[in-house]
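One structure is given below, represented as C-alpha cells, and several questions about it will come after.
Letters are used for the chains, namely A, B, C and D, taken in the order the chains are written, and counting of residues starts over at 1 for each.
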Amino acid sequence: MSCTIRIRIQPQPFDAEEESKQLTEGRSDVGALVTFTGYCRDEGGTLAALTLEHYPGMAEAEIGRIAEEAAARWPLSGLTAIHRHGRIVPGEPIVLVAAASSHRQAAFEAASFMMDYLKTRAPFWKKEERVGDRDGDWVRAKATDDAAAGRWQKP
Amino acid sequence: MSCTIRIRIQPQPFDAEEESKQLTEGRSDVGALVTFTGYCRDEGGTLAALTLEHYPGMAEAEIGRIAEEAAARWPLSGLTAIHRHGRIVPGEPIVLVAAASSHRQAAFEAASFMMDYLKTRAPFWKKEERVGDRDGDWVRAKATDDAAAGRWQKP
Amino acid sequence: MSLELRYFAWVRERIGSPGESLDVPGEVTTVGDLISWLANKDEGYAAAFAEPDIIRAAIDHEHVEHDAALAGAKEVAFFPPMTGG
Amino acid sequence: MSLELRYFAWVRERIGSPGESLDVPGEVTTVGDLISWLANKDEGYAAAFAEPDIIRAAIDHEHVEHDAALAGAKEVAFFPPMTGG
C-alpha cells in the first residue's frame, strides 16, 4: 500500500476535520481513520500558556523520518502529522496525528507510535508561563514517555 | 475523573468534528483526544453496499455497558460512541468512537478497547450487497476480532 | 412459560420472522433447551439452529451463555456472532 | 574545522545565544569532545554543559550520540531532551 505522508510545522491552529477529509474523501479503500489531537492543559488553573521552541529544518526532517518508519511498519494509506510552535494557551491544540488504513489495528498502532516518537524525538521544547509569574520553567522530559517509545523497539 | 458518556444508534451520518468539539470545547483539562472512524470499504470495487441490522434497545444497552467498562478502566473525561444502521455505501462512515483524557495513552487504549468490544459484543450484523448481484451474504465474524477483544481481558 | 422471542440476521431469515410470542413447556428451562425445542418446530427453525454452538443468545438485552436459566426472562433473542463496528 | 553551532531551549538561554560559527581545534573530533571544549569557554557554556550526559546532539538535522565523529559535519546542535507532542 502506498502511503501519502503529510508533515507540517506551523504556528497557527489546524483544522482536524479538514485533515481527516484529505485522508478519506473520495476514496473507498480506507476502512479506519484514527486521529490524535494533543491539547494544552491549564494544570488546575496554574498554567497561563506554553511557548514551544523548535529546531526549524530538523523538526520537519525528524518527523518525516518517524512517519516513514510508521509507513514501513503498518499498512497505511495516509499519515498526517502537524505540530505547532510558538505561544499556545490552555484549551488550544498543539499536535495532530491522523492515520488512515484498511485495518483498524494498523491505524491505532501507527498513530500511537507517531505520538510516542514525536514526544521523545521531535526537536520541540515547551516552556511554561505560570499564572501570575511570567518566568516559567522548561518542561522536563518524562521517563514514562521514553518507556512508551521503548515499547515499539524491535528486539 | 467523571466521564461523560454519549451513545447514539442512528441511520444518518454523524459529524465527527461536532462530536470532538463536545468533548473538548470550553475546557482546559483535556490533554488528549483520540477518535476512531470506521468506514465502509468497496473491497476492490466488488461491494455495492452494506446493510447493517441491529437489535434496538440491546444495542444502546450493550454499547453503554462497554463504555462504562472503559470509563472504569481508564481516566477519561468523555467517551462518545455512535453506530449507524441501515444501508451504507462504500466511503461512508459506519462508526465513531471518541475518547478524551488528560493522558494520551488512556485515550488511545480506551478508543481501541471500545472498537474491539463493539466489533464482538454490540448486536449489529452486516449484510453485503455485491456489485451486479443484489443478494449478498452476511459478513462472517472474524477470529482476529475475537482475539483483539481477548487482549483486554484481565487475568 | 410465555416468552417474547427475537431473531436477527440469518437466524431471522431462516426462521422467516423477526420474532414471536410463544408459550414454552415447563421442561424447557435453559437457553440451550429452548434452542433444541425451537429446532424441532419446522424446517426453517431447524436450519436456523442447525449449528447451535455458533448461535448467540441474549436475555432481556444482555448476552448470556446457553446454560443460562430462562426463569424470569421476558425477551429472549437469538442471532449469529456480531459483525458491527 | 569550521562548524555552525545551534543551541535550543535552556542550552540556548544559558549560553545566551541561539548559535554561532566557530573554528574548533583539530583535537576536537567527536560530539563529546566538542561539548568538553565548549564547556571551558565561559560560565554560560559551563552552565549549559554542566551535566553533559543529559545534553542531546544533532549533526546536520539528525540525532547523534556523543561518540559521533564531527568529520564532515556542517551544523551541530545541542539541546535538552525533547518535550514536544
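Simple rule for what comes next: a contact is a pair of C-beta atoms (placed from the backbone, for glycine too) under 8 Å apart; a residue touches a chain by one contact, two chains touch by 3 or more.
As the structure is a prediction and not an experimental result, all values here were calculated from the model.
Using mean Cα coordinates as chain centres, the one most removed from subunit B is D. Subunit A and subunit D have Cα centroids lying 26 Å from one another. Distance from the subunit A centre to the subunit B centre is 23 Å, each centre being the mean of its Cα atoms. Separating the centre of subunit A from that of subunit C, both taken as means of CA atoms, is a distance of 48 Å. With centres set at the average Cα position, the gap from subunit C to subunit D is 72 Å. With touch defined as above, residues shared between interfaces to two or more other chains in subunit C number as follows: 85.
Within subunit B, contacts with two or more other chains are made by residues 38, 104, 115. By the contact rule set out at the top, the touching chain pairs are A-B, A-D, B-C. Touching subunit A in their complex are the following residues of subunit D: 6, 8-10, 12, 58, 61-63, 77, 79-85. Listed in rising order, the residues of subunit A touching subunit B in the complex are 16-17, 20, 24, 26-42, 90-91, 102, 104-105, 107-108, 111-112, 115, 148. If you check the complex, the residues on subunit B that touch subunit C are 38, 52-55, 57-58, 61-62, 83, 94-95, 115, 118-127, 138-141, 145.
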